[in-house]
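Working notes, beginning with the structure itself.
A, B, C, D, E and F label the chains in the order they appear, each numbered from 1.
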């Protein structure tokens, strides 16, 4: 069994960003994503969609380079004004080429 | 505090596989699992349950051997025909024996 | 791009613990958390809220020390009597100070 | 109608049949699914409706008529969990947390059983289907049974544990719990708006009530069905306890209700409240206070045994008993 | 009313307009959203209501009246998937899994189309809007079409694969599927409670039915709209197949229904059942049995093509045909 | 009825009482929970119902009667956000993004307040409870106020930022937003199906309307209650702004409505629309266009202050004002 290491990028953001984030990670080279509904609290407290029930969590498996680009895009476009966090970690997959 | 390293296997799959996957990971030696509802897009595009709202995500903490068996089973039985991905990573737990 | 390594603590617990766990991780030094609804099965089988639909999953990004304190608190207060598991892993973030 | 006929007619009512459909669907592992969010919304609707309807009728009831039944209800909320606790400790040989935990369930109210009891009466022919409008307030009072049981357990365990703060929160949660707020809130709104204000919302809160309850009972049946599978786990003692206790409680509640001056219908509903075992508020409270108690036991017995016993045999039994005792007390004629 | 008039009046019915509203909302990417959990609950309600209403009417129908239509339905559940399979293999040049998969869809029932057919008849003037009460049982029987198609595919593929256990589970799932359990369960409950028991729950299961269906169709329209976007992917053959086959099936079902002794209205509904293509139960069953079949094809054609074709043109067409053939057979006068 | 009586009777209406129940439940931290998915479905229902009912009545209204009110509404959708912006900049000393963001809220429509206004009129005695059928279209027009405010903000900020594409999407989203599509779609369907087609779905879209709205308002009260807790954060200026502005807007909208030829009831509803502050569409649009604006401010003031002010004091006030001014203009007699 051949395992490849890829990067799992997780983004937690207010739902108003949903379409934009999906568009952006695709543009930066992700071939897929998984999204779920979550709630949360951070340092920013209340946000616009609070009453509509929380945040979204986007997870995408990508190559290290794409992961870097996504993180940079998050920092440039979203960190200043939006309630959003992002983190990365390494995971092992089969079919490494699917996520490269 | 004694931490043990175990493997966290994450499977994202179309919901039609739910019962089968749960059965299979149990048979391969997992003692528990956590499941959640997610949505997603990958390379396969539309799948049968799309209109029913997405995918399931199964997470299970297991020993490295069981993790390997699960990944192999995924590759053998599901990768060819189903919309499904799987990845593993190391995590630390207390009560290591609970997941061994 | 400067990435910092922080600890991602994941707790899966029966929902009756929700408020208490959130309170506890805040008290131990977490600055934020993300929560989602999940289902699951472990070694304990049925639990009180089973019919109400499952478990909660709490994820929090914290410093290594805070992660240790949270795990210890879990072991002391919840492991014996509640259906709950917890695990930690390292992840990389930008804005490391936000989670320290 | 004689007793057999009443039992038969209850068994063949849409409510009980829907419940059975739910049980059967679960047993044959059918995938009928009524999503949890809809079920939650429906239970808000049911409790609020009952409060509202009671409130609308309440206008003009002298407060004095309410006093004695309220006292009796409080007495039941103290006595029932206490004697359950003693039986469970003495005969059942349970440890303190489990005994107190189970007692909390049987000492409080199951909304579904309560609502089904109300619906049982409303289904009767015009002229025989009225009951005291303040009944929802009695159901709210009976919720205190949870707290009584928890107190007993805490006291017997000794307050050594650090969970005293937990108990405070559990008390607050019980007093501001969903059923209490909706029943009392609905009651109050009903009183204020009166017949006239109610008329325009009656299509939802009056006419639809019974149909929605039938829908709800499909899901309750599935729930009970799922617990039934764990039946063996609870052991013989709990199986007997879960079957017999509601019947005893039902008779006691009905009797005391009649003695407190309630109409036979009202006393019947008080009996139903007493007989029923909570399976929403109690489990949450017990889990928070006595985590060492085994949830399989109290959930399976309250949901898998007592709920169906009450719905299927209990309701007609308590009703017949209320009519019979009412007649014996000269409160009505028993045909 | 002449045919044009019937088509026009169907097109301008609240049902079809709500469906179109849903399609349009999707095409202009509007964010109207009816949450999935509510839609699931509504579909439970619709199927259960239809069963109930049928059951209430059923009292007194001799079992013999049911026999011939039931046999015809079973024959259709065998014949329709079989000939679909042959056409898809022969003309469509599909491989075995895809041909069997698509056949499973067209051989079984779409609940929405079925419910819309019932509603189509009930909307007719008093006196012309009755139909056989056992119709829901026919719809349940027709679900077998899924199994027939899967059997054909498995047989042609050879049972070499290890998925035989899967097939067993699929058969069980189909027999205990949601629509079957709700239709038959509702039917049974309806029979037991009768007119009298039904009266008190009629505000929900009778009066509201059509309004709820309209609401439901907004979402169905959005669903179909989303599939429409994939239209090009399915290719010309499937576009023609998805348009023509329901029309042929509708006529065949209607004809056989009349020959089996159904009233024109009843035969019309049997036609609708035959014409409709499942998009809930069939996709799940096919996905589990023939994962190698391409879901885009069967979903787009059943949801994006056949569903609107049936709702918009099919219903009035089969109805007119039923009336015309009924008259020709001397079963009613055709004006 | 005199003014005090009107205020009292509004305060004691089921709608306002349900709202207050929700606020109280939140303040005592009760766990009454109406799941979000059900609330979303209900709001689809409410908007669609209003559209439908309007459409059914619309038949026969000459288009000319609609023109002047529509022009006045467009004028309001331009003027209200503009002057709000100027006040917020001048008196409130807010920066551009915050001023434009808040203006977007007060320049558009809160569905709940609008629906409550309609319900306020329908509750009146027969003969005094009619209003212009095209009112839902005015509400849809008023949604443009969001876009006007965003334009002002973008223009004052200078278009240097790269978010111009965002603005395009926001405009499209507003034009195809849920309320617009449901109100206009419902209106159109109502026109097409007419009285006759509506009759069969009226049990859902007519009879139940008010009851469902009461249910909805429990949740709205909980929502407002949660925002109330943040009250202190918004500061004195916004507290005054959120209280006074709706009252002023309500009077202006009512006055202009009467001048444009609307009946006093119709002018009252236009007043309600003008007075109300959006809390669903506007927050999303503002968040996307001016992320630097502080959501606590606009959410707390529109949800926590303006919504209750409108529901509790606003409705009876605008109504009385409409009757008084209508009488003064010789449009009706003021008793």
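Throughout what follows, a residue touches a chain if its C-beta (ideal position, glycine included) is under 8 Å from a C-beta of that chain, and two chains touch if they have at least 3 such contacts.
Note that the structure is a prediction, hence the values are computed from the model and not measured.
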Item to check | Shared interface partners, meaning chains that touch subunit D and subunit E | outcome: F
Checklist entry - Does B-E or B-C have more contacting C-beta pairs? => result B-C
Item to check | Centroid comparison with subunit C (C-alpha atoms), farthest chain | outcome: E
Item to check | Chain centre separation (subunit C, subunit F; CA means) in Å | outcome: 41
Next on the checklist: What's the distance between the Cα centroids of subunit A and subunit F, rounded to whole Å?
Outcome noted: 36
Checklist outcome for this item: Between subunit B and subunit F, the Cα-mean centres are separated in Å by 47
Next on the checklist: Two or more other chains touching the same residue: where does that happen in subunit F?
Outcome noted: 35-38, 203, 208
Checklist outcome for this item: Each of the following residues of subunit C touches two or more other chains, namely 36, 89
Checklist entry - When you check every pair of chains, which ones turn out to touch? => result A-B, A-C, A-F, B-C, B-E, C-D, D-E, D-F, E-F
Next on the checklist: Residue numbers of subunit F touching subunit D in their complex, please.
Outcome noted: 12-14, 17-18, 21, 24-25, 28-38, 123, 203, 207-208, 210-212, 214-215, 218
Next on the checklist: Which stretch or stretches of subunit A touch subunit B in the complex?
Outcome noted: 1, 3, 6, 8, 31-36, 61, 89-95, 98
Checklist outcome for this item: Note: in the complex, subunit E contacts subunit B through residues 36, 223, 226-227, 230, 279-280, 283-284, 286-288, 291-292, 295-296, 299, 303
Checklist entry - Which residues, counting only subunit C, touch subunit B once they are in their complex? => result 10, 12, 36-43, 55, 57, 68, 71-72, 74-75, 79, 85-89
Checklist outcome for this item: Residue positions on subunit D within touch of subunit F in the complex are 35-38, 40-41, 44-45, 48, 172-173, 176-178, 180-182, 185, 188-189, 192-193, 197-198, 200-205, 208
